[in-house]
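Here subunit A shows up in two complexes: once beside subunit B, once beside subunit C.
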Partner chain A sequence: MAAITVTEQPQDGPLIERRSIFSTLLGNRKFVWGAAVFLAIWLTAIIGSQFVEPAMRRTGAYPPKLSPSFDSPALWVGTTTLGQSVAVQWTQAVPNSMLVGLIAAAIGTSVGAIIGLLGGYYGGRVDAVLRVIVDIFLSIPSLLFLILIASLLKGVSVVEMALVIGAFAWAWPARAVRSQTLSLKERPFVRVAKLSGMGNLEIILRELLPHLLAWLGANFLNAFIAAILAESALSIIGLGPAREMTLGMMIYWALNFGAMIQNMWWWWITPVITLIVLFLSLFLVHLGLDEVGNPRLRTEQGG
Partner chain B sequence: MGAFWKYLGNRILIFIITVFLAVTVVFLVPRWLPGDPLQSVYSKMAGVGGGAVSDELIAEYRRRFGLDKSTFDQYISFWRELLRGNLGYSIASFPTRVSTILRQAVPWTIGLLTFTTLVSWLLGSLLGAMVGWSDGKSKKLNALVPIALVLYTTPYYILAILLVFLLAYRWAIFPLSGAYTLGADKEWSWSFAMDVLEHAALPALSIILVSLGWWFLSMRSLIISEKGQDYILWAEARGLPKRRIFWSYAFRNALLPQTTGLALSFGHIVGGALITEVIFAYPGLGYVIYNSIQQLDFPVIQGTVLLLIVSVSVANLLIDMLYPIIDPRIRIGDGGN
Partner chain C sequence: MKQRRFWVVTLLAVVMGIAAMAPALAAQDSADATREETFRVAIGRQLSDPTNLNLYAGASRSDTGLHQVVYEYLFYNNLQTGEFTPWLAESYEYNDDYSQLTVHLRDGVTWSDGEAFTSEDIVFTYDLLRANPAMEWANEANNAVASVEAPDPLTAVYTLTAPSPRFHLNREAFSAVQIWGGLTILPKHIWEAEADPLAFKNSNPVGTGPYVLDSASQNGLVYVRNDNYWGATVLGHTPAPKKVEFVYLGDEQTVALALASNELDIATIGILSAGTFQQIAGDNPAITAWTNELPYAWADPCPRALMVQNANPQLENPLVRHAISSLIDRDAIVALAYEGTTIPAQGVWPSYDALTPYMDAVADLYEANPVNYDPDRAAALFEEAGVDPGDITLRYTVNTDSVEDVKVSQVVADQLIAGGLNVEVQQMGSAAREPMLLAGDYDLSFQAFCPGYLTENLELFHSKFYVPLGENAPWYERNSFRYNNEEFSAIVDQMLATPPDDQEALIPLFHDAMSIWLPDLPVIPLVQAPALVPFNGTYWQGWPTASDAWNMPVSWWANFNLILNGYPSTESGEWVGGVTPVGS
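Moving on, here comes the complex of A and B:
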């Protein structure tokens, strides 16, 4: 879709560069490193989970409280008080946490984009109503509402959790998309499109949306980080998916069984380090995207 | 003045809607979901007695918790009781009122939150402004930027866990958990005060460090963008002292969005403090929520969350009302869009 717009509107500056955006990104060291580390974690977990048989996930499948050893891959990061392999848990937890991030970020970004585009483009009463709703959702402390709803649902699954988190992730993109739409719709090419008889929906999809794609991509990344963060926060409070494994639930169980006081560092440090590395890698990706999208931010060593 | 009143009216309207929404969600969601909200009470009693709970007792409990009336009547009385400050009874420790539990927890959370927010906001803004103003000329100041980036990306609970491990478990400089030594006399004495401070140090440190990074980075970029403005150049051309340009021009202007940032992220800050309390077993509202979730004590969870949502909204409203004082454009009336 973006490519079509580019060929049709060569007069519009920033879009012409879009074709080379991939090579620019691949030339950005922060982006490449961040993406590589992120994908490495994900792939390791997914490949690792292929080797996990149902029996290995059972409680008591291994001797309890083993410190890390190289005897077998399942014991690389030790076992829990209940004789579960931390490595096996990890291969389940990483994809689940990522799933929460993906679903919630997809909901938040797409719903936010739709509401922002509609409000910004149509203006008037639609905009006034949407604006009040967005303002309310922005001032609402979302974690508190998440705690409330998750506690009322009494036991959530990974997907339900992602849906609830996503339901509170759209307000910020909606506001940002709205303000960008407001300035975009005054630009000459939108007026030309209107005068040439393009329908409103077509203008929104073909003229406005392509300009917002870069921003929406960055927002997706932010929402992804925020969702994983919210997932672990809720899990640590005790509202996570108790029957499934996520990085947050790994921390929850480790804390709950007093892993720290019993000096079972491998138990809690595995999810904690994973989360830190995940956040840092995604943050690098974000910085890389920022530099590519906004050349003024480019540093001497980064660009 | 018109713009100011319109702005204020808008803020107050949003405040009312938020509180209304929160109360309605707290009221409606448990009633939409299948199952008796008092189920955990019955199972607890059945567990104690060994037999099923009699219908009379169930009816009495439903009456006591107001579940026998129509939904609309329940809603009205829910509001009435709420405005009186009555949040109902705890299920896990039945005769205790939710408000009693909250009253014991609130001072800990408020103390922790006020101190950490003020310190991190002021310190982060000042440091960020200084680094943004020096613009890479000072190597020492510039070294703060990557540190702030790391702190900003670190979630509250991760830093808290690492601090507990290093400073409380490994090196045992600070106590592991709690707000005071168990069994200590809770009185206004020097030793108890020191005990409380010692216990609060680590939770406070972890909240301050994480939020510091954010305030630092946001202020730094604000100052950098102010620095490129024409009025700064003009002030420099007029020969105003650097110090004056920094404080009364750049810093003052950058303070506006920084204050909005504080208002916008207040809910987030509270959320972070709750999680931190859980990790440190600090007896504030976050720990109350954690315990009530473990005990399936829903009235306490709801009461706590409701109290938090209302307080965050009130705090937001107060910051919004302060905003015209530091932003003259809203006062005079050519802004507010």
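Moving on, here comes the complex of A and C:
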């Protein structure tokens, strides 16, 4: 095996680079810990939800207001006023919240990248029009608009919620990508590509986009957690997907039923801690990516 | 580095967001009245149009102080003691065939601007409603009253459209407070100047009541005592609080904290759950309710039922409605959504002792048509009807402004889904829900059935209120569910023509009516109404409780006026009740 690797290496440059980035990432403690915690939460929820039967989700499935006990996994984090298991709710809430993050971040990042690349690369009228639209969206206080839209749509589903949040998540990436594109397109390799007869679209996709991937990946992580937090904010004020469970809706129902004042701490603390841990784990992943992508930030252990 | 700043800022925002959850309540005392002199009531909703105080122009806005302390009524019915207290009036009498009612008014009553209150004001109000049928209340008033005459300033003679011995109990056509409120008499000298009584905002309302409006905002209305109140001279008594506030503070948690810290005197019905009440009452001994143990709640006379759209082809078969009813476990609703503060209901009548002879008389009908949880019966009924519950999809319209509705809907929807039905929960605010409900655009919706009198609650199902889908029903529980049965309506007409105290005639009629109503089950009874109204006795005393049941604990009913003020006993003439300062 070693011999084969050795013979391959000189022939395939990018492969070495990719491999080394991957191994560097795996050697980066922050990245590993962050990713491990994130995956652990996700997998626990997914595996847990496999054991949940529809009847277990219903109101009155368990005695109401039980504090956490080890009698059964469903009672590990207690029950609600309506006799639902907080653990069962959690197994629904985590994938739903992550779905919101995924959809919103995907929309925000991809739309932002397309608009930024087009505006930055073509310049002129295209850029002028796109820039105005981006500036308008940037100057709108997005949470206010989200509240407005969510209250108009009253009774949204998880996916609709994600689409609404995604609709406001593209403006920042668009501006950032545009400014990077403006600088990239003046670089010699773009001119070489132009002189060698490459089309505009080809240049954007094959020459510019690869340079932006690292930044877009980082933005995706930001947008992911920002969308989860935006969903929580909207849900907590009562504009969330009422018949489905998300981390925000768990907090909303807990507040609605006076869990804080009635000392049913297990009800609201479960989603709050999950949100904090999700946030910290993605923060670590982000730090790890940053160190790998920017050698100056590497620490002894990380490098 | 920019990226890192984003994370730090976001983390900060999260921390601050969590910190902001701890609700802060700013003290709102103004210079003219201290906290000790203020009676503060928490209300359950924000006011969408706080400067429009026209009770006759859409959107129910009476119960944020207007019908409690600004306007007053001819009589106040005290369900707790059975007294029918004369207030703006002194007495009433029917003629022999119950086609006319004569009311004798109290001498010396004035509006808050000093003008005298006379029978001309009553004549004017009914004439106004007749000329403007689009005004709220106009329908019912015009249906019941042919004309009102004022032979002298202190006498009003009501000529009825049809003889009725129950007219003085009709809260929508007569100015006697029954349950919740009554028809409001308007000051002629103010309103006759208005060309369009529907567009008139009445932002500075003139009533005969002991308080006048001080300020209005989305977060509530504030009233100050009128020192020229007619009651001071005529009755020799004025209410003790200098100021009365009806304030919206926020959700249950915020209201509970305000009550716990003595910033509130009353939290109105439907805000605090039993669990939260137990918690704050355990920490603060000044906080009490109707009873000191479960159910804590006073029984409101308006039972809760699930309205079922009878005009929906999927639901027009009574067997299907009975089947759905049999899927609902009312004990679970009481235990979970109400935390034990009420009891299941088998009909739309309150479980008051006075109604026991009537309920005993229909026990045989309930034997044959049970209204309780029985999944086997549900399955048998679905089969008999030839309907697969899996083919039925029901739109359950839920009012998000009502915590009670939201809680009950979670339990009921789960029970129906467990029974094999498909349920789509549609959540919306009360403003969006109103037109949908009136037009019949729902399959299921939770509703309180008022006024809670036996005959009047049967009348809600009368076919005279039936309109086809798409047209507006008179009100939610007034047949927005589109039940239409002429035979039943004829029996109700007979009951309406019987004097309310003639039990011997009424009980057989009730049995006849129920022998149609119960097999048909036009709506699905759920639970009796709980009114958990926490009171904080730090600054005020005398609020009614089960052990001192001189009145009903109703901050949202017009009767609140007489709770604050008290009233002269109809028998002895001695002053009864009233809220007084703890210090005195």
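By definition in this document, the second predicted complex is superposed on the first by the 279 of 303 C-alpha atoms of A that agree within 3 Å, B and C clash if a C-alpha of one lies under 4 Å from a C-alpha of the other, contacts with A are read in each partner's own complex, and residues count from 1 in each chain.
To be clear about the criterion, a contact is a pair of C-beta atoms (placed from the backbone, for glycine too) under 8 Å apart; a residue touches a chain by one contact, two chains touch by 3 or more.
The model shown is predicted, which means the values in this text are computed figures rather than measured ones.
Asks: State whether subunit B and subunit C clash or fit side by side on subunit A once the two structures are superposed.
Replies: Clash: subunit B and subunit C overlap once superposed on subunit A.
Asks: What is the contact status of A:Phe283 with respect to subunit B (first) and subunit C (second): first, second, both, or neither?
Replies: both
Asks: Thinking of the overlay built on chain A, is A:Arg243 touched by subunit B (first), by subunit C (second), by both, or by neither?
Replies: Only subunit C; A:Arg243 stays clear of subunit B.
Asks: For A:Ile136, using the defined touch cut-off, is the partner it touches subunit B, subunit C, both, or neither? Pick first, second, both or neither.
Replies: After superposing on A, A:Ile136 lies in contact with subunit B but is clear of subunit C.
Asks: Kindly classify A:Ile261 by the partners it touches after superposition: subunit B alone (first), subunit C alone (second), both, or neither?
Replies: After superposition on chain A, A:Ile261 lies in contact with both partners, subunit B and subunit C.
Asks: Identify the partner contact of A:Val272: answer first if only subunit B is touched, second if only subunit C is, both if each is, neither if none is.
Replies: both
Asks: For A:Pro64 in the superposed arrangement: first (subunit B), second (subunit C), both or neither?
Replies: second
Asks: A:Ile149 contacts which: subunit B (first), subunit C (second), both, neither?
Replies: Only subunit B; A:Ile149 stays clear of subunit C.
Asks: Just checking: does A:Leu229 make contact with subunit B only, subunit C only, both, or neither of them? Give me first, second, both or neither.
Replies: Both partners.
Asks: Using the superposition on chain A described above, determine whether A:Ile41 touches subunit B (first), subunit C (second), both, or neither.
Replies: neither
Asks: Pick the subunit C stretch that clashes with subunit B in the superposition, from 152-160, 170-178 or 476-484.
Replies: 476-484
Asks: Would you mind listing the overlap between the subunit B footprint and the subunit C footprint on subunit A?
Replies: The answer is residues 154, 229, 233, 238, 255, 260-261, 272, 275-276, 279, 283 of subunit A.
Asks: Along subunit A, where are the residues that touch subunit C in the complex?
Replies: Answer in residue numbers: 55, 58-60, 64-65, 81-83, 154-155, 218, 222, 225-226, 229, 233, 238, 242-243, 255-258, 260-263, 272, 275-276, 279, 283, 286-287, 290.
Asks: Which residues, counting only subunit C, touch subunit A once they are in their complex?
Replies: Counting only subunit C, the residues touching subunit A are 3-4, 6-7, 10-11, 13-14, 17-18, 21, 251-253, 256-257, 272-273, 275-276, 278-280, 329, 332, 335-337, 339, 400, 403, 406-407, 410-411, 413-415, 417-418, 425-429, 432.
Asks: Touching subunit B in the complex: which residues of subunit A?
Replies: For this pair, the touching residues of subunit A are 132, 135-136, 138-145, 147-149, 151-154, 229, 232-233, 236-239, 251, 255, 260-261, 265, 268, 272, 275-276, 279-280, 283.
Asks: What residues on subunit B touch subunit A, complex-wise?
Replies: Against subunit A, subunit B makes touches at 10, 13-15, 17-18, 21-22, 25-26, 29-30, 33, 35, 149-150, 153-158, 161-162, 164-165, 169, 176, 264, 266-268, 270-271, 274-275, 278-279, 286, 289-290, 293-294, 296, 298, 301-302, 305, 308-309, 312-313, 316.
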